[in-house]
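In the two assemblies presented below, chain A is common to both, partnered first by chain B and then by chain C.
Entry: the complex of A and B
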């Protein structure tokens, strides 16, 4: 089942969703970057290719409070103040970020389940949006992702005059039904003619993708080459300019390494987890030293994880979705595309 | 909400023993006086003090002890220094058990076992050795080669003398790095001592100690004719979660906290050499 709404009524659609549950969507901030913000009346959906930060924040926030402790003399009290998340909706998620949720699910929903992640995931409805204008740093196609059919609970397309919605899951259909129940005139069911227009739109997007510089980049199954790639001499050269700043990790939708720390406010001790990066020198540092002595080993770890270790552990799924954020943000212009191409040369 | 693995439980320290100048053994039970959980020898647990830190320690006591768990801990950082200054009655946070443990009911069953430890490396082996002694009929001859810098650095020396030396079908070989007054035992490094003793290759060997000791001992065992799948070790890596999610302790696609810490050297041979 597919629905449509005229583009000029998009505000009405957003308001209707926001009436059902908290709604987040990409809007432009004062610096001109797209960021997810909570919808308020008049909020305009960003026209940017994608958000500066990935959508992982919704399920795996940069800082997550875990538990509080109170220490008095020899006694310790544990305060478990976890709470169920409220229902919320993320609107306008691109195909790459939608796939990143699968990558994160494999980690956080594996036994034992991460309850903070799980409750947010359970209460979220993901409304994706096809990429009207995929860009030169995009390579989701490399990982079998279709920018024109973005997935999630409801997938959408925006054309010049019409906005199309297609619920894909029970959760998505439930939201569509609730919207229709609240306002019978909001969504119009699509006929065969309109569905053909959506098909035309996906073809138009595919044509753009084919012309992009990274369209031909192939992701090779390197699971059998783990030790050979690990021992490759190329890592030294590839990592030689890496500053170890961790920017790639922070903008990456699939990077999920975290640290656990305590903050003592005098009254209680707040235990929290926060994003961490394998690019940092103290990431694996122990009293006895570290197994990753230089930036070369740390750099190698990040890319081996995305291209070999993660696929090995998860049935060939890559831990890269080709969103291109690291291509745009790395201060020394090193990135996973260069790594993939260099490792390919190694084979030839 | 359902139970969260990363939120710890409260344990109480009921006994503290000084083993060496920088190693103490802590006995821990739950607030109800019972053991917090059961474990397999070689498994680990996270201990923490709010506002000080949290770290992974191997459970030193044997699972056959039903009343409590023990942790032998070397003072070497913030948290361990704090643990060393605490007194009996102190509450600590505990979560676990984590990891695979030794194959005591698998590959070790019916085998002659050779345990080789250096320094605090005895801690993780302590649990499995005592487990084997408690189920004596399931295992063959037990050899223990244990060395430390000095006589004073031999962990659990009293217990070794009392319970291990002279136990039937068990041989214990102690060594210290340098001559010392009052020591009439063997002097020399563990790898060399193992070579001198020259064990038969039908044994299953278990190594734990500093990387350099493991490296040379393994080399020596291979020279004696041991195959990689006959030699086990337990790895140590920085850990934050203990459940394969924080991304910190991986060796290739394996997480030491979840898939380890116990590996045989043929398993390690298939993994990147980064531990």
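Entry: the complex of A and C
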């Protein structure tokens, strides 16, 4: 079932969703970048290709309190101070970020389930949006992602005059039903003609994708070559000028590493977790030190994880979704595409 | 200019005058250039690039490069030479192992500035008489180059190389009438509350990726206190947004008097936080309090706050009496 609404009524649609549950959408910030913000009357959907920070923040925030411990005499009290989560909706998620949720789910929802992540994930409805203007840094196609059919709970398309919605999951259909129940005039069901227009828009997007410079980039299944790639001499060259800053890991929708630390104020201990980056020298620091002594080893970890370790553990699924954020944001323009190309040369 | 640089690099390598060349390596697109070291003439010939996107300041890499055996030649733009001198002053670079080739610079383009104008899907860029012709998969665009220069280039402070062993192109002059303090003045004129809000707003976007710190030639500590679990001020996660903001104020204090205003911090910030304004406030204050001082202008010069004198210090009584008396 597909629905449509005139583009000029988009605000009405957003207001209607926000009346059901908390709604987040990409808007432009003062620096001119798109960021997810909570919808308020008048908020304009960003025209940018993608948000600077990825949508993973919703499920896996940069900093998160986990528990508190309080000591009284010989007793230690453990306090779970999590608030009950409400349903919320993320609007305008691109296909690459939608796929990134699969990548994260495989880790956080596998046994033992990460309940912090699970709660947020359960309460979220993902409304995706097809890309109208992909950029040269996009290579989602490499990983079999279709930017024109973005997936999620409801997938959408925006054309010049019409906005189309297609619920894909029960959750998505439930939201659509609730919207219709609240306002019978809001959404119109699409007929065969309109569905054909969506098909045409999909083709238009596919044509653009074909023109992208990275369209032909192939991701090779390197699961069998783990040791060989691990030992490759190329890592040294590739990493030689990496600043070890971690910008690439923080903007990446699939980077999932975190550190758990305690903050002790003498009376209570606040246990929290925060994003970590394999590019940092104190990553996985243990009493005996760190297992990756040089930037080369840290750098190798990032890309081996995306291209080899993760696929090995998850049926060949890559943990890069080709969003291009690291291509845009690395201060020295080192990135996963250059790594993939270099590793390929190695084979030739 | 690219050919001149390449040709000179090849000559130096083939003559054995140097062992390595620190320059820029071409990427997938016209703008995604990576700083890199070349040892093989063939590699240099094929992959060396110099264009309007070679913004990265190569000076900081010389801390590691000059500590290696043999000699390294480096291409430095005028503003990069200040960082180089400053690092020499701080004894971080082995000067005798470096051959500095100063290169003329007209300004570097910021890809972000192109994107802010809605230009995306970039497949090629050409300079033509002060304007940039940009090929995109959506058609051709044209913009005046000056408008999409990086901030530091729009407000270039010096076209003069403060150090070089040889020059390619002409040496310029210090730009006396540059407008780099305009925004600082505007901030000074704000009320304390307005200024506080300005900075809270800008700094609240920080994702603490550390790109600004790690690219900074003045931030050359082997291990930052904020990364060191033993320091007691480990700052992997800030307790709140205000603590996060303080990181930048503390960093600005730490580099004050050593920051040459090379503009790398603002260039690399993924969140476009105008970090250079913090540094420029210090530079402006130094100039006003202690007389003109330019970090990196020469090797061996002391920053006014590291070099107390009773006649110059803003509060000479402190120097005369000593600390806690």
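As a convention for this text, the second predicted complex is superposed on the first by the 339 of 348 C-alpha atoms of A that agree within 3 Å, B and C clash if a C-alpha of one lies under 4 Å from a C-alpha of the other, contacts with A are read in each partner's own complex, and residues count from 1 in each chain.
FYI, a contact is a pair of C-beta atoms (placed from the backbone, for glycine too) under 8 Å apart; a residue touches a chain by one contact, two chains touch by 3 or more.
Since the structure is predicted, the reported quantities are computational estimates derived from the model, not experimental observations.
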Original post:
Will chain C clash with chain B on chain A after the two structures are superposed, or do they fit?
Top reply: fit
Original post:
Touch check for A:276: first (chain B), second (chain C), both, or neither?
Top reply: both
**OP:** Scan A:285 for contacts with chain B and chain C and give back first, second, both or neither.
**Re:** both
**OP:** Look at A:259 in the shared chain and tell me whether it touches chain B only, chain C only, both, or neither; answer first, second, both or neither.
**Re:** both
Original post:
Looking at the overlay, what does A:327 touch: chain B (first), chain C (second), both, or neither?
Top reply: second
Original post:
Touch check for A:66: first (chain B), second (chain C), both, or neither?
Top reply: first
Subject >> Partner chain in contact with A:244 - chain B first, chain C second, else both or neither >> reply: second
Original post:
If you stack the two complexes on chain A, which partner ends up touching A:110: first (chain B), second (chain C), both, or neither?
Top reply: first
Subject >> Touching partner for A:213 - first (chain B), second (chain C), both, neither >> reply: second
Subject >> Apex chain A: angle to the C-alpha centres of chain B and chain C, given in degrees as a multiple of 10 >> reply: 90
**OP:** Tell me which partner A:82 touches in the superposition: chain B (first), chain C (second), both or neither.
**Re:** first
Original post:
Which value in Å is the smallest Cα separation between chain B and chain C when the structures are fitted on chain A?
Top reply: 8
**OP:** Identify the overlap between the chain B-contacting and the chain C-contacting residues of chain A.
**Re:** 259, 276, 285
Subject >> Residue ranges of chain A touching chain B (in the complex, touch as defined) >> reply: 66-67, 69-71, 74-76, 78, 80, 82-84, 107-108, 110, 112-116, 119, 226-227, 230, 256-260, 262, 264, 269, 271, 273, 276, 278, 283-288, 290-292, 297, 301, 304-305, 308-310, 312-313
Original post:
In their shared complex, at which residues does chain C touch chain A?
Top reply: 27-29, 31-37, 56, 61, 111, 116, 118, 120-123, 136-138, 201, 205, 207-211, 213-215, 223, 227-229, 234, 236-239, 264, 267-268, 270-273
**OP:** Under the touch definition given earlier, write down the residues of chain B that touch chain A in their complex.
**Re:** 1-10, 49-54, 76-77, 80, 86-87, 89-93, 210-211, 236-238, 240-241, 243-250, 252-253, 270, 272-275
Original post:
Touching chain C in the complex: which residues of chain A?
Top reply: 29-33, 47, 49, 52-53, 62-63, 133-136, 208, 211-214, 240-241, 243-247, 250-251, 259, 261, 263, 272, 274, 276, 280-282, 285, 327-329, 331-335, 337-338, 341
